[in-house]
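Structures for review follow.
There are two complexes below, and they share chain A, which is joined by chain B in the first and by chain C in the second.
Our next item is the complex of A and B:
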């Protein structure tokens, strides 16, 4: 139970949000869908002196800006799933959204930006954004800056976002090529244990990001397989690529780092296979 | 005391809808947290953060000053107002050691999570805020978290007053195991472990105590299994007369043994109410509920067998981790493991040595299966090990070792007298439902493609409706059936419902026995002021003892109604029937039952003068087969009935990741005559889910300091619908000769069997690697490690 009183703001637009953040003192919580932060507050794993609620600030929705796709930070997984144009533009987002644990209740509240900013090593969103080459659009009273996703994450639950900044949107370069996504869970209710998001580009190269293997999502340097994804030589190449990108794997109660390192190549292989298959992603 | 199953009416045996279904579905169920009383306060328990320590000091000054706080209580203060909590199962009766269990730790804490203080405030939120301000100073003591380590001579002692960490050390079984092992064609040894799990009902525990200062009485509402026992335990602990206490069981959202009585918070809430002079409510958080363990055991087994698969000897050295002692029944579960080990197999020589050991972990709470689940897991592993060693079909090894259908009643080496059963019949039904031969061929095909399909079988023998003399585990129960002048029937029974629907089943029985429509019947349970002295629910006893006593009481009442009805009709009392709410003369004339009821009360000196004018009957039902006179081996026979089941699980294991997918699950079960098949199936589905969870994902993890890490459902993973196929149930009925209708219990069967079937299926899937399964849960990392181990050896 949340036992302390806290200040609460639900500003009507982005200007209101950055103003509230500029003034806030103490522990500040920026609230998207709350599916992770509210249980943290309830169980005393986090505390809030000020809550800035984004639900009224008009930050949801997916639109095109030139040849880029801009995903509003408070876009829920359900909104992604019901936006057919977005699905056509960024199929990987739809695949990710359809597999979010917890059913309609979580998908209706959980947001792409919320998951991105919360930086849980075991969430689906961060590694996908890295694979897509996303840029994080951060707004504050000082203006707006964009940070590439692979530079955004600094550690478990840690990002470069300053306390006076809000993640307002995620900018995706117009994706070309096909994508594949796989996540390994121990059971339906489990956090992801290993995720692999793969984009196969028109020139044949792969952009591969793994999640939940390290404390932050990692790009790994993987060549496309020349003899199929089950080719032992290629699997060895993937293993080495993972090891090179992950000097220290992530361990938690559900699975230790050794297991994650052990299975990561297989998960990468499955995502590569999906991306290479005609049409890209099937359901994970 | 056996009665042939004569169906008098349409209700018994049919899948009548749950009586309270619409109430539950429309959110009108009143659970304990829905109850509000004027002036009600809220309690929060402060719990130890260390596993073993002396309490140096508790500073409550800041907490007492916190807004809304009415009272802060420490263990030292609590000891002035309450004595030790009486044991649900007295260790002395079982030859076990005991300690005083108090509602708050006094002087020493023995596990992380133990209640050390309590805060009462106007709101839950204020109580929680204040609880964080209670400062406890501990002087740490060495602790031990592993049962085998706790048996070492130099291990830290959990209780100073004990010479070691052994609660109970006992031997079970008969036959010369040494000779049988020496003479066996083959002997297999193995060590098998079950991990610590918890029962996790949807609704956690909660109690609301209301001390009435005006008439010096105490009313306790709670999510409870055993209200009468609670009344007695609170009376003894608080030094109040039992007659001044009323316990009212609210609607219960699942119990599975967690809500049997003996938890410290029960007495604690009563003390708080008395001191605060107001009603006090305590509802636990999930992380508090997950402290309590359901099971954790290590078995060192030796099995002797003939070359053709007959098991000739079984020796098992069991070390059961009880956590710390509890007044609840949890510590006694391993006794049932040892007693049930040989299950439904004809093993001539069995020897089990059991150590129940304390460690500095939270206590066990009674849990569905009550120790039999671990016995099933071990025995079914043993049978599969035998089959694998000899290269035989595990189905046929089971068949070869079953107690044959013509041997019942059959006395096992541990002394259990199995009433009836047809175990090969269950096997046949399960194999047929599976399409076993075809599945084995499919398995071979898939192996060639590098895919690993596995089929696991498990037999389960479930003794139910226990009686343990000198304890609160009683094998009989009592029901009052009462009719109003307008014919409405109230059934007040001593058995309670954890939400499984035994109230519906009891109503069906009364409807048929009394001869009135089901809609006329209301069942009242769980109120010690209204219901006759009974024992609540556990051990699958609801329909055997509650249903049996309801039947007897209903028959008494029916006889009266028939007698007076006949008189009113001018017919022969032996020639009338009572059905559909009427007394019928057989020649077409009839009189409605309400009219007869009215006559009994208003014509007591006239047409109804032939009967005693009480429109109610109270009867107890004692099933047969229970025998507490020790035999020549010192064994007693505490169970009337034995349900049985054959489980079959089909899995596919991903050898790259260790993940297991459960593709199909069949349970061929036999609980004797079924009063309500839909309710039986509901119980089976739930038990199967529990067993699958224990086999695959559920695991309580503690850190090196003895603090629980898996304290929420993202860490302690229960199966969700996507994890389970819809289980397929096959029915078989071998009636019990010892109960009213030939019905047996149906509450527990499924947990042990499902756990074992899934574990066996995984080993079967990975047979090409030569994997041996020795533990549960079989999480993906564990499975991958098993494959690695098999590959390297």
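Our next item is the complex of A and C:
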């Protein structure tokens, strides 16, 4: 159980959310699907004086805005999986949603924005957003700003979001290319140990992001393989690219940093192969 | 205290809860429906699974105040007039449980699965139960039970429970 009561607000719209955040004092929790933060409150890993619940604020759904795709912050994994149009626009979103650990109960409740803002190094969402070139749309009583995903993450469980701000939406440039996603986990119910999200662009270049290897998702500089992803020279190039991007690897109960560094190049290679093959539609 | 109104297994209820109250505790203690189990309180084990507005959720990861206005189905809402739900009957027939602790969650994810996909293959079954931990069965009985439930429901002719003499 959660041992202290808190102020609770479930505003009916975004204006209400930013007003509640502007007034909130003490430890403020923005509640998305709650699948991570509620257990944190229960087990004393987080504390709240005020909870602002986004569930009634109308922030879910995926829509097109000009050339871009806007994912509302409280869009659940299940909503992504049942939105064929969204899946056609951004296949990587569907691929990552289909592999979310924790069962349908978590996919029904967990949100893309919640995972993005929670910034667990081991979550699927952050590295995928970096690979997709996402911008994080942050709203407050002062207005709206957008931050590129690769600048959004500042550390494990830490982002540039101010305490009076809410992640309202994630803006994705419409992908021009094919994507591949792979995550390594050693048991069905495990958090990912290493993830790699790859977008292969029409000009042949790759945009590659790795997750769970460092505290924050990292873009790595990888050239497309000229002799296949099994070519030892290219594998060596990937290994150097990972090392250059990750001076200090992330360690947790599942794996220490040295292990993550060892396996990351292979996971990158699998994602590159998937992106080059046919659009990375395989389940991770 | 905050007053919330929820519909539980078809019945409208009003309860007063603290903001810190988890839905699972409100269901068990304020509503007295103890078929929903408390396991890990961490969103991992699935024993606290209920349907909220038709979707399975882990009720240890939901604040009771967030559920204001929701329609909730718990395990007590499956059987009707003393007759087991076809999913429950299939689990009974196929030994889909042993100690029964995970069973409320397993049954409700099965109901949701069959609603979304009346003819699930093994991969779809595994995906549906991968948030529900069973430490007794090894899952083989659960898979058989889910397939049996799918066959029964699509045939739309629930069989009577086998008599003790058949066992």
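Observations
Here, the second predicted complex is superposed on the first by the 282 of 284 C-alpha atoms of A that agree within 3 Å, B and C clash if a C-alpha of one lies under 4 Å from a C-alpha of the other, contacts with A are read in each partner's own complex, and residues count from 1 in each chain.
Simple rule for what comes next: contacts are C-beta pairs under 8 Å (C-beta built on N, C-alpha and C of every residue); 3 or more make two chains touch, one makes a residue touch a chain.
Computed from a predicted model, the values in this text were never measured in an experiment.
Of the two partner chains placed by superposition, only chain C is touched by A:106; chain B is not.
Once chain A of one complex is fitted onto chain A of the other, the partner contacts of A:188 extend to both chain B and chain C.
Touch criterion not met for A:19: it reaches neither chain B nor chain C. Applying the stated contact rule after C-alpha superposition, one finds that A:46 touches neither chain B nor chain C. After overlaying the two complexes on the shared chain, residue contacts for A:273 are found with neither chain B nor chain C. Look at A:55: by the touch rule set out above, it reaches chain C but stays clear of chain B. Contact with both chain B and chain C is seen for A:3 once the two complexes are overlaid on the shared chain. Contacts of A:78 after superposition on the shared chain: chain C is touched, whereas chain B is not. Here chain B and chain C are compared by how many residues of chain A each touches, and C touches more.
Comparing which residues of chain A touch chain B with which touch chain C, the overlap comprises 1-4, 39, 43, 188-189. Remark: chain A residues 1-4, 39, 43, 184, 186-191, 193, 253-256, 259, 262-263, 266-267 touch chain B in the complex.
Of all the residues in chain B, the ones that touch chain A in their complex are 124-126, 128-129, 132, 287, 656-659, 696-697, 701, 709-710, 712-715, 717-723, 779-781, 784. Those residues of chain C lying in contact with chain A across their complex are 2, 18-22, 25, 41-44, 46, 49, 55-58, 60-63, 65-66, 68, 105, 109, 112-113, 126-133. Those residues of chain A lying in contact with chain C across their complex are 1-8, 10, 31, 33-36, 38-39, 41-43, 51, 53, 55, 78, 101-106, 108-109, 188-189.
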